[in-house]
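Dropping a structure here in structure tokens format, bear with me for questions.
As written, the chain order gives the labels A, B, C, D and E, with residue 1 at the start of each chain.
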Amino acid sequence: MDWELFWSSLWPIVRGGFVGTIPLALSSFALGLVIALAVALARISRNRLLQAVARFYISVIRGTPLLVQLFVIFYGLPSIGLTIDPWPSAIIAFSLNVGGYAAEVIRAAILSVPKGQWEAGYTIGMSRSLTLRRIILPQAARVSVPPLSNTFISLVKDTSLASLILVTELFRESQKVAAFSQEFMLLYIEAALVYWVFCLVLSTAQSRVERRLDRYVAH
Amino acid sequence: ACSSGGGDSSGGAGTEPEGLSLDAVQDAGVLVVGTEGTYRPFTFHEGGSGDLTGFDVEIVTAVAEKLGVDVEFQETQWDAIFAGLESGRFDVIANQVSINDEREEKYDFSEPYTISPGVLIAPADTDITSFEDLEGRTTAQSLTSNWYEVAEGFGANVEAVEGWAQAVELLRQGRVDATVNDELTFLDFEKTEGADDLKVVAETEDASRNALTFRKGSTDLVEAVNDALAELRADGTLAEISEKYFGADVTQ
Amino acid sequence: MSPTDPAAGAVLTARGITKSFDGQRVLDGIDLDLERGRVLTLIGPSGSGKTTMLRSLNGLEVPDAGTLEVGGVRVDFAGPVTQRTRDTLRDRSAMVFQHYNLFPHRTVLQNVTEGPVLVQRRPRAEVEVEAEALLDRVGLREKRDSYPFELSGGQQQRVGIVRALALRPQLLLFDEPTSALDPELVGEVLAVIKELADEGWTMVVVTHELSFARQVADEVVFLDGGRVIERGAPAQLFGAPRQERTKRFIERLTNPL
Amino acid sequence: MDWELFWSSLWPIVRGGFVGTIPLALSSFALGLVIALAVALARISRNRLLQAVARFYISVIRGTPLLVQLFVIFYGLPSIGLTIDPWPSAIIAFSLNVGGYAAEVIRAAILSVPKGQWEAGYTIGMSRSLTLRRIILPQAARVSVPPLSNTFISLVKDTSLASLILVTELFRESQKVAAFSQEFMLLYIEAALVYWVFCLVLSTAQSRVERRLDRYVAH
Amino acid sequence: MSPTDPAAGAVLTARGITKSFDGQRVLDGIDLDLERGRVLTLIGPSGSGKTTMLRSLNGLEVPDAGTLEVGGVRVDFAGPVTQRTRDTLRDRSAMVFQHYNLFPHRTVLQNVTEGPVLVQRRPRAEVEVEAEALLDRVGLREKRDSYPFELSGGQQQRVGIVRALALRPQLLLFDEPTSALDPELVGEVLAVIKELADEGWTMVVVTHELSFARQVADEVVFLDGGRVIERGAPAQLFGAPRQERTKRFIERLTNPL
């Protein structure tokens, strides 16, 4: 094990995490949640067409490799005259991807809120959308934290694909060092360690959020 | 017997596979070759799903024949190709590996079997006329090729890509200004795909020298391979293979 | 804190309310009448349609046929029923649920003020003052900042009642308000409901507590199979039921063994 | 769009799915479920050490990229004298991976079975393990089908990484054609379509299984 | 189909049973005695420890101190209690739960036969014959191949009772067996329990159904705060409670309003 290389490459890799992986993951996740919420609502709406569109979207996103989704957006769209820069392309692709996976999570969470909560909202005169916003979603949020944090952890690692469309992030940095030093195994393991540390931090954050949301839930 | 061929011939389990001896290869009766299989015209599948073929494939096959052993190919991606050599998954890499200082420190190389200059490729209407013009421009380069350093050396912003196909795509979409690659790749591309919208604006002084790559310490094997290459050169086989793929002799 | 309009008159008139689920007729031509300030008790075996009827009054369920008049709003279910109509129905009445259905993520006070502030758009300060007074009445003022899970079942149901009252509805609907409670907690909730009845609130109560119905109800309606089998004053219906089915039902409740 | 290329390459790609992707995914998933069950049980056992080991395993598997896991097993282990053939390596790596993700799913499913079911088992004299086997797991199975099928669908796509360790599957076949024809985008999309069809079939199978297990569950 | 050993003698002797949860003392030195063939009823407010006591008898909970003798097995909780001891305790008694806790993925017959066949290792054929006879007794023979969700609450609880009976325990434990039931379904379950009592089964019943306790129990024990406040024959305890707390509790149950 070449410790000197390990230590000298650690900072570039971690920096790649801070300037690439993390901002990319955070912004895509935030945007992805918005998409997911919209798609989940479409899935449970009474409008058949909306339902079908949402189902199709989810099926395509989950049924095809993320790599291909990235490629189509970055290398494919220019052929119909739409050329998008690397970062926006990556954010679009990842947030569409998160949207597809998280939609099902959010939908399940909404459905897990007891029907009586809807009725309690209605009986105090709330409309469907007001009930959803004030009564149902806050409760659904609690249920969806663990599965959504899984989605987020996967996303963090998936962002390594962004290097394919010219976004520099953690994994790319380790590949650069690997390419020059020829120490592929060492650098891959080093990148894995950095990912792992990031994920450990995220898991801790997740438990925090869970505990905070648990506040008002019966034991 | 696929990967274990490499494992067995490495001898001595329990440690990182040491260099490989000619005896070991001849005892095994097979030379296990690591190659991408997706890098035309050097190593690819005929028709896309047919047999593995290509310039490097034919050369290494001819070398094995001279050594009196069979050849067996293991296909993997570039990312894994050196790891595969080091871990004894195969005996040799035949994949246009160019010789540089870092690699020479870690591996043994045969005599080069391709020598080609690097070319600077840009859109037909470019204002770039020399490598010096790369200063402040953007090029697309494969991380793992020596052209990455060349472009960087001239002050270009280098976008790392996975390979030639992506580089061309970026060039055509106007997302980068130029790309440096070896002449052979461009010649093949021009011949098969057509490249009227692109042009070669400059050539490097130093040629890239690509060779078969072995684990460090494979001294007698490398010598035998070099003898074989010399014989193949002498009897015209190398030139013949080269003509077939490039219409020119790129082996010297 | 008292019914909004104390003048007399019909608050509820239902005629021929009919409703099917999956081809199964659950309500089969129900008629109900209720004057302002009076208490109607619905009793009947499980599945007889009590909850469905109550939900229809609150616009939570849309009957297939019949007409309904609640607090001056008239709806004919023969035609299509718009969301607006359902909303208007809902404005006239408020429901107290068997399982309380408090909002677990809101404090007691927020549970109570949510409707008046957000839906009725009354000023928050005014609503809070009123809400506290109501909570005080049911003995829960000091729980205003607690979350529902911190309360016993009986306390939760009292909050449920306050939440309904705070909307100042013309009609209060109770669906088995004590049947999810521990037996010793039943009393505290029934006491609150009785007080409201004494005070002149108009209400429909589905219950299995016959002794409560006897004391509080002006009229008892016995449902079975989605039809009204018998109706009358509690003394008459419990004491001398005319129908065999009513008799058997009451017998079974008062003397389970 | 080069339709001729599309059609001529369809069979090799689909065949890659049948001889590579599907057997790899199925066998890894089966093995992975066994691992996951063991890990989930360790997680909920009363033995602190077992718990810690299980938690560590899950954390590493989920916190590090699958690519690195594959690399370490195939290219890393030989350095300690353990050389495993490509297929077994792939199956080991993928099933360890599934084991980490599915363990949490199975654990959540076991915990979702009401405590009263354990007690009912105990009161008729069953031991903890018998109750688990006869009473709890059959009920947990129902709950875990949807999230496990997500894991499986992800696995199907993740098997494309197996080509790094010399296993030929669907995605590799499409890359071979792409390299020859230089039609990368077309072939990527074609591969995505084939994945999508596979996933659609899997989703249908999932609904079937769910409906069968629903048989004895209240509506 | 009748208690395994009809000879007289103590089936249950509990002395000083004490149990804390998180430092909170939930059982505080409970003594209980029960002779073969007799029925003991536990009553008391919510949280008084009734369930915890019952679970301790069945080995589902391990007290911190005290001694227990059930059907000849003696356990001293001062020392460490092995899993084997808990298992033996469990063998002596069987529990019927408030929420039935039937196995949802097994048919009615399978629910009943699971214990005798898998745990007691009796021949399946014999067990099935006995199980059917038991199901017949509670009027559910024709439901043998139904799944629990296809049954009403009352039917499910009757299956729960049969499941316990099929184990031929020396002691039957009932934890509020009817409090999750619709009021009109309570009767059918209480009737079955009464029949078992008449037949000579030894049992401990936690219940809020005072009229049932009055008819069936040989002794009533009133718990509050983890202590026995009062015990006696039902007529005495319900008719003339000596303790103020008992009186208030009974008052509240019989006359909620």
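FYI, contacts are C-beta pairs under 8 Å (C-beta built on N, C-alpha and C of every residue); 3 or more make two chains touch, one makes a residue touch a chain.
Chain identities (UniProt): A, D = Cystine transport system permease protein; C, E = Cystine transport system ATP-binding protein.
For clarity, every value in this text was computed on a predicted model and none was experimentally measured.
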Contacts common to chain B and chain C (chain labels): A
Common touching chains of chain D and chain C: A, E
Chain pair with the higher count of C-beta pairs in contact (A-C, B-D): B-D
Chain centre separation in whole Å, for chain E relative to chain C (CA means): 36
Distance from chain E to chain B - Cα centre to Cα centre, in angstrom: 80
Centre-to-centre distance between chain D and chain A (centres being mean Cα positions), rounded to whole Å: 20
Multi-partner residues of chain B (at least 2 other chains): 79-80, 83, 86, 166, 169
Residues of chain A touching at least two other chains: 75, 184-185
Interchain pairs in contact, sorted by label: A-B, A-C, A-D, B-D, C-E, D-E
Residues on chain D engaged by chain B in the complex (per definition of touch): 5, 8-9, 12, 71, 74-76, 78-81, 83, 85-86, 163-166, 168, 172-173, 175-182, 184
Residue ranges of chain E in contact with chain C within the complex: 45-46, 152, 178-179, 182-187, 190-191, 194, 208-209, 211-212, 215, 249, 252-253, 255-257
Interfacial residue positions of chain C with respect to chain A in the complex: 58-60, 87, 90-91, 94-95, 97, 99, 101-106, 114-115, 118-120, 147-149, 163-164, 167
Of all residues in chain B, those that touch chain D in their complex: 2-4, 7, 13-17, 37-40, 44-49, 74-77, 79-80, 83-84, 86-89, 165-166, 169, 189, 192-193
Chain B to chain A touching residues, read off their complex: 79-80, 82-83, 86, 102-103, 106-107, 143-144, 148, 159-162, 166, 169-170, 173-175
